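Quick one: structure below, then a few questions.
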Amino acid sequence: MKLKTPIIIVNFKTYSEATGEKAVELAKKAEIASKETGASIAVAPQFVDIVRVVDAVEIPVFAQHIDPIKPGNSTGHVLTESVKEAGAVGTLINHSERQLKLSDIDAIITLAREKGLISCVCANNPTVSAAAAAIGPDIVSIEPPELIGTGIAVSKAQPQVVTNTVNLVRHINSKITILCGAGISQNEDVSVALKLGTNGVLVASSIVKAKDPYSILRAFADATKP
Amino acid sequence: MKLKTPIIIVNFKTYSEATGEKAVELAKKAEIASKETGASIAVAPQFVDIVRVVDAVEIPVFAQHIDPIKPGNSTGHVLTESVKEAGAVGTLINHSERQLKLSDIDAIITLAREKGLISCVCANNPTVSAAAAAIGPDIVSIEPPELIGTGIAVSKAQPQVVTNTVNLVRHINSKITILCGAGISQNEDVSVALKLGTNGVLVASSIVKAKDPYSILRAFADATKP
Amino acid sequence: MKLKTPIIIVNFKTYSEATGEKAVELAKKAEIASKETGASIAVAPQFVDIVRVVDAVEIPVFAQHIDPIKPGNSTGHVLTESVKEAGAVGTLINHSERQLKLSDIDAIITLAREKGLISCVCANNPTVSAAAAAIGPDIVSIEPPELIGTGIAVSKAQPQVVTNTVNLVRHINSKITILCGAGISQNEDVSVALKLGTNGVLVASSIVKAKDPYSILRAFADATKP
Amino acid sequence: MKLKTPIIIVNFKTYSEATGEKAVELAKKAEIASKETGASIAVAPQFVDIVRVVDAVEIPVFAQHIDPIKPGNSTGHVLTESVKEAGAVGTLINHSERQLKLSDIDAIITLAREKGLISCVCANNPTVSAAAAAIGPDIVSIEPPELIGTGIAVSKAQPQVVTNTVNLVRHINSKITILCGAGISQNEDVSVALKLGTNGVLVASSIVKAKDPYSILRAFADATKP
């Protein structure tokens, strides 16, 4: 599976507005925005909701995390195979709210590759993004944690962070898809992100907690057009 | 919700024999064994599979873990509400393969109580079982980690561990349901566990990895009868 | 070794005012306050500073943490034997800034007992204090994390938390030494803590960051007198 | 401070043979071997023993770990400043027995640089070594965990692992010092490691648990000579 870029990935986190049946509703809105605009939009619901969301929509579904484990004795952990069989096409890895040991990131990227899941490693700064790129995931997403959920977009407030990330990552691996996230809340934040050399955005609260998630997503989708 | 005891809880762990569609099939076998015998049997599938299993069977479904979080910014974590909305009636907590900080166990038991989930805290020895009981969960399950998956049953190999646990836990809280697990693989292991004063067993590999899980479960179910 | 109570334990944390040579100076001030008043005062410096502090003073020295390990392959961990040989007489366990898994708390208390170290388990609320007491440490210290470093004393702002802790802990184990901490900054906070049934206090910033740590400690020491 | 290479770093781990006074004795033997041969040898004792070892010898002393914290409220953690003030010149980071989150490795390398400590990041395979190198430490040390403590040397059993690491790391940063470790137990293991392009070795059990640590170290030291 290959994702079309530019792409918008919507992280549902553990927001009540995106849990259970509401996760399905939100995913449907994302699908409509994607179909109407032709823009590439993916969603990342909670583990428990993956099956329902996959059943309800045709846009790509990501897990928010998988564990560095093989089938067996790992009660309470997330098995790559369970996520894959449920129909997810990829997974976030090392989100700032679910950070991982370096060797586990490496192990998870390998597992994802073996099982045919797209790997999207999150990183908190350009240096860490470069380190993540050196491991060879499909996607690296730079998200300065201090901007997450603030509405102050990384692409506008810290354009040099995005540019540095793009330069460092491209130097190590010219083919990796690069996203940025944190504070993305206006269409312009999306278009600026693309101009800075990224291939899309990772968004959450600006969509999930919006009064009208469809309208915001629709505007973001339009902003990904040339 | 109140569980009927004696009870057998089947932990699906992350075994491939109990992932995805196979989780549903195994849960159906557990349901048949339960209906035929009238014995109380619950299943604990992986997070991703909870929805499917709940849709397929009427026996109680447990999560294998939940996180000490409220709705919000907790990417990659397991929200009590997501598990509850999916139809689970309870959750394992602090399984030896998913151990938790003491204060997190307390927080999770509180969350489970608030949201109406049955809390089953696992403990590795009698002392830790007593500490767990002091926090006030619905169920405490003693499982010496060195016996897990061995086929050497705690109830037969270490009856004093079970007896000590029952005594220490009852001294702190006379109403808590007490289970034991680790190595339970023969009907006799189940009946001995009950004779030692427990209210049931927590089992995994002896069922999940059996050639004929139904037969084993059926025998275990019969062994819970007076 | 048996500590004299009532006791004041001064946690040096990782404050620069209590690192290296400054740890030694601060410990000497605590020793003077102890000798002048006859009050029992102990200090808990950083790992690296234990040797220096033990060499410089005769009052009891605690580690801030030890790991649940035996001698061997545990690079970067804190071995009970290393702390003991350096001359510490006890250790904090599960401080709110260094929380531990339930089974590790149990393992550490056992290690401390075997090696002759006094174990002081910290807990964030009365329920967790009761659970800690059930494991059988020498000391339980209740510290509501939201008050730590605020100057709002647990003994004055939340007397019921202290009283509940004392009742729950005494019910489980009548001999355990009980301390309280968080926000203790006035002599009166100390005397109230004792009146509520505790055997002393665990303090940090009010001493370590004071302009004149000796004076404050001296006043706290006086407040422990009948 | 700049280390002379080739270098042998002796990790004392938490072995009883290298705890307390025995840590001092072992460090003295390493110093003798270093002075007699002119070879560069450093030692990494436990936190508690750093002060004693630094007082006793003139060879470079490393910590086994530091935490990603600044001075303040971090009870039970290891402050860079405490290690520096004790006289250590560097620190191991992310040893396979003390693995860290990716962003914490980045934060610790930054802290070490700011405080003038040499940073040595350990990695379990060539890919992870490359990722570590991208963060910019002074030293990267490759140690396949499955060979640690076996006496089967990485340099002889898996020369391609060492060669791949050297190539990947050099491609990212041509100036980083590269070590290898795991199973190094013969002089030849040391000389082969250097021939494969490394700048030294990280050793532990073969020295610490030897009947005559001096002789082994002396032989290793000779093997670093051209």
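Going in written order, the chains are labelled A, B, C and D, and every chain counts its residues from 1.
In this section, a contact is a pair of C-beta atoms (placed from the backbone, for glycine too) under 8 Å apart; a residue touches a chain by one contact, two chains touch by 3 or more.
Quantities reported herein were computed from a predicted structural model and do not represent experimental measurements.
Participant: When the C-alpha atoms of subunit A and subunit B are each averaged to a single point, how far apart are the two points in Å?
Facilitator: Subunit A and subunit B have C-alpha centres separated by 34 Å.
Participant: How many Å are there between the centre of subunit A and the centre of subunit D, using C-alpha atoms for each centre?
Facilitator: Inter-chain centre distance comes to 37 Å.
Participant: Among the residues of subunit D, which are close enough to touch at least two other chains?
Facilitator: 96
Participant: Going by the touch rule set out above, what shape does the chain contact graph take here: line, ring, star, complete or other?
Facilitator: ring
Participant: I'd like to see which chains touch which, written out pair by pair.
Facilitator: A-B, A-D, B-C, C-D
Participant: What residues of subunit C sit close enough to touch subunit B in their complex?
Facilitator: Residues in contact with subunit B: 94, 96, 99-106, 123-125, 127-128, 130-136, 168, 172.
Participant: Can you list the residues on subunit B that touch subunit A in the complex?
Facilitator: 11, 13-16, 19-21, 44, 46-52, 64-65, 69, 71-79, 81-83, 85-86, 92, 95-98, 148-149, 204-205
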